[in-house]
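Report on the following structure.
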């Protein structure tokens, strides 16, 4: 059985389910849906399970880590991902090292949640994709849902993982619709082939999956059949699934809203080329500039469905 | 969020982000010149606020910190963010002169700012806490929190003061008209401006391309 | 979350040297900590890399060993040897970690600056200035929900007040009335009317008070005074009265340097407690000698003190010997425990 | 090799810059005492405490102060000791310094120089041994130089101070006391360049790994062309691409932990630009995806050494 819902509804339902299922779950902050999305009733329904820290990101995130180490299951919504930098010492330098430094005795199963990426007209200081940097932090798991079923399943998986998790969410996914199974698909670390086509493979995550689907539909009209592979997990990246999909296509695009250097896409491309060196591949990343406020400028920087489709057509001409 | 003037105005979208920048700025300024840093009461709970005030005092920097305290940090009231009553109390901890005033009274703001700026010019950083009323929601378009029901509009209050002082209604109306016309003209100019040039986006990253 | 069953039960550990209420009960943890570091300084050939010692700061550690109860949690810093040693952590395991041996609590991954002992409620040691302070908030919150009456002791140095995270944490602890005892091991000389040359506030206590975290300042050259202060503050916190702050003002051991300590004072001779010395370290600052002086004044004989010292020194040397013989960490251990299997 | 060590050369360059321009101000913890590695040794005696400013342990505020100084017309030079401390300064560096030129539409630039040291091999453990250059290099708006010889370090310091944009000079701790020269290191620090000619294989490396690559090439007698990729942002892959068009094989070396974002970006850039020239898959050698362990045996297993580089080169040659 499945039901069709919006992404924001699926997210609220999944969090509600986890709060109901486990008394140790606590929200350290509330900006997981509101004010970014329509009211979903989550914060009102679980008011006694939500702590509201001041604008003190370092203390907020450290709090989550400490609570996780000592038996709770904290979910820490940081809100706009650019604000993570204030908490960087905790997220990048404490949480991921705890299991390792303790010789495996102590774990910090905390879930950090951010609204990442360009939400349009928020400017350079509210539209970061900092998770690309955190790929280089061993010990942290990074999840990036793209569909209602993803957010449902990955929230379930995050709460069952004994490592610190970063859940990379995107404001512009809120109104995506899709089917959600009755039993969450909690597979972490597997990619999902959302669309099958024999000419070109588009590998993407988060909002870029939705744009890749739009691009694939427009490629259809040009007689180009595109597959779309949704990564879902960025660390550890589902490399086997990607290599397998790549080998079944004559050309591949790696699409990423992060900037090229240090992006998941460039890492994947390098990994794939080691295992499948004859692959014709292209990166479609945000260009190397901050997010501009004006939409005309932003569309020059962040990959659009149009740019994805154009690059796909171009790479096919070459191969 | 990032409106910047061509002469010495910087805006940041990160709560607390401009505080240390104002401090650094003051160290580079010629004698007598000062830096003024505006921020909301939400910034007071960030670590950077405390790092900056400590440094400013330690280095006797010529900075006036102006806190526009409307009792709200983003969507949450001040009482839910701290047990500390006034922002000025923090400044005093770091050995700075500080005042808490009615920020809706523009004449009081001018008087207090002038008083503190004298201290600042002598190398004593200071903090002015202006207690004000939030007249609009956290951001335009946020429908979840209505505007405060009891607007303490500083313009209306000044108009009342001027009226009491004998200013006639026609003069006040003319002032309002002048300002409205200027704003409307600016708006019209902006709307007539062509959209931002898309090739600008990547070119503005560096002043000098390596 | 601690995975159970892999280390000795913490109640067993904490009671190791606390079974009696002898007048010398404070001397033992002080000497354990002091001898641990002194003997370490004489064996630097076995240390690979960076380390700090706790010499001069033993009073807070010894006080912790008196005040801590089973179930309490502790966050410490890169200057942690005294905290573990005074609480009765296995000294050979500590040495082993510092020497990069597999026997260490962190199996060689952490070294001196990340020493922790989950069995003692020290779950993770950050080596970043202020790194453990926000983490202590969450631990205290967990305790408030699961173990009423238990507290989290959060240790940090005076330099941490430069970091914003400490201020955010003081405010949050106060706002949410968390069961947290902030202990600042303050060995910075006071500045000109200020707490120190890096702080503009008149005192560190004044900063904590500004965040509505009340507390005390204590002369941490005198261990007995620290016990009284820490005990009183911890009781208030256990009673549910929110967090407290202790400014433990220690003397500065002359051997502290930017990176590596040097053995500036040699082995402490407890007989100096009876003699006049012309250096400030021996005459006024050394908490171990000060505790010996207090005991002598209370009628404890020097011979008795020396006997305890000999026993503890032998214990520490035995631990050192075991650690030196322990096998080095196997290279493959570098690649495990990164994430859950 | 009788010239200065890398840190001495950098110190002399810094002194030279301070003598030439009174706007240059040095900020950092313990800088009046010379800093932990001697970078600022003696400068306070010549230029006084106003221009050589000791700071409290407040990395966030100090980086912000430097941004403000730069905006006010000074030329701040921040000694950030360990690159791990960039975590605490990340908001000011990534969200402010990097973006103010862009956000102000070019009104203001931030002539900020940052010196930081990173890398494993000296038994400092997980929180003081990371190599975080990929983070810094992934943020548009920051230039990153990673000099590998005393002459290049001096040139990098001078260029960083003279540049109108934020420049981070990233130095391997293992090279601080090295006196070893490199071919062509009197040239510009802004371009990657060939430091050893060869025909069978290109090795792209940065920092200490340049020296390891040279040694490994000698030890196995390979005709390897070694390219010193010293400008990490904006990344300068063209000399690598150019070399690969001649050698047809590429090994990328980088000391980052985990996925190796910079190495991946170099690999991706070469794949896109020189795909038809490649005779073998592009190989990358980066540090393992674990935190940096402290114990000698563990850290030695973690750190890339000449043997690892030599065997990676052999593999690429045989592929």
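In order of appearance the chains are A, B, C and D, and numbering begins at 1 in each one.
Basically, a residue touches a chain if its C-beta (ideal position, glycine included) is under 8 Å from a C-beta of that chain, and two chains touch if they have at least 3 such contacts.
Everything numeric here is computed off the predicted structure, so don't read it as measured data.
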Neighbouring chains common to chain B and chain D, by label: A, C
Chain whose Cα centroid lies at the greatest distance from that of chain C: B
Intercentroid distance (Cα basis), chain D paired with chain A, Å: 30
Length of the line joining the C-alpha centres of chain A and chain C, rounded to whole Å: 41
Distance from the mean Cα position of chain B to that of chain A, given in whole angstrom: 36
Two or more partner chains touched - positions in chain A: 54, 56, 58-59, 82, 86, 89, 93, 97, 100-101, 123-125, 138-139, 288-290, 292
Interface hub residues of chain D, defined as touching at least two other chains: 55-56, 58, 60-61, 84, 87-88, 91, 95, 102-103, 125-127, 140-141, 234, 288-291, 293
Junction residues of chain C - those touching two or more other chains: 104, 106-107, 109-110, 114, 126, 128, 131, 161-165, 168, 171, 175, 198-199, 338
Chain contact topology (line, ring, star, complete or other): complete
Chain C-touching residues of chain A, taken from the complex the two chains share: 28, 51, 53-54, 56, 58-72, 74, 89-90, 93-94, 97-109, 138-139, 141, 161-163, 236
In the complex, chain C residues that touch chain B: 161-168, 171, 174-175, 194, 198-202, 206-207, 209-212
Of chain D, residues touching chain C in the complex: 30, 33, 36, 55-61, 84-85, 87-88, 122-128, 288-291, 293-302
Chain D - residues contacting chain A, complex: 60, 84, 87-88, 90-91, 94-95, 98-99, 102-103, 125-127, 132, 134-135, 137-141, 233-235, 256-265, 267-268, 271-272, 275, 278, 280-284, 288-291, 293
Residue numbers on chain C that touch chain D, as the complex places them: 48-50, 99-101, 104, 106-114, 126-131, 159-164, 198-199, 258-259, 328-335, 338
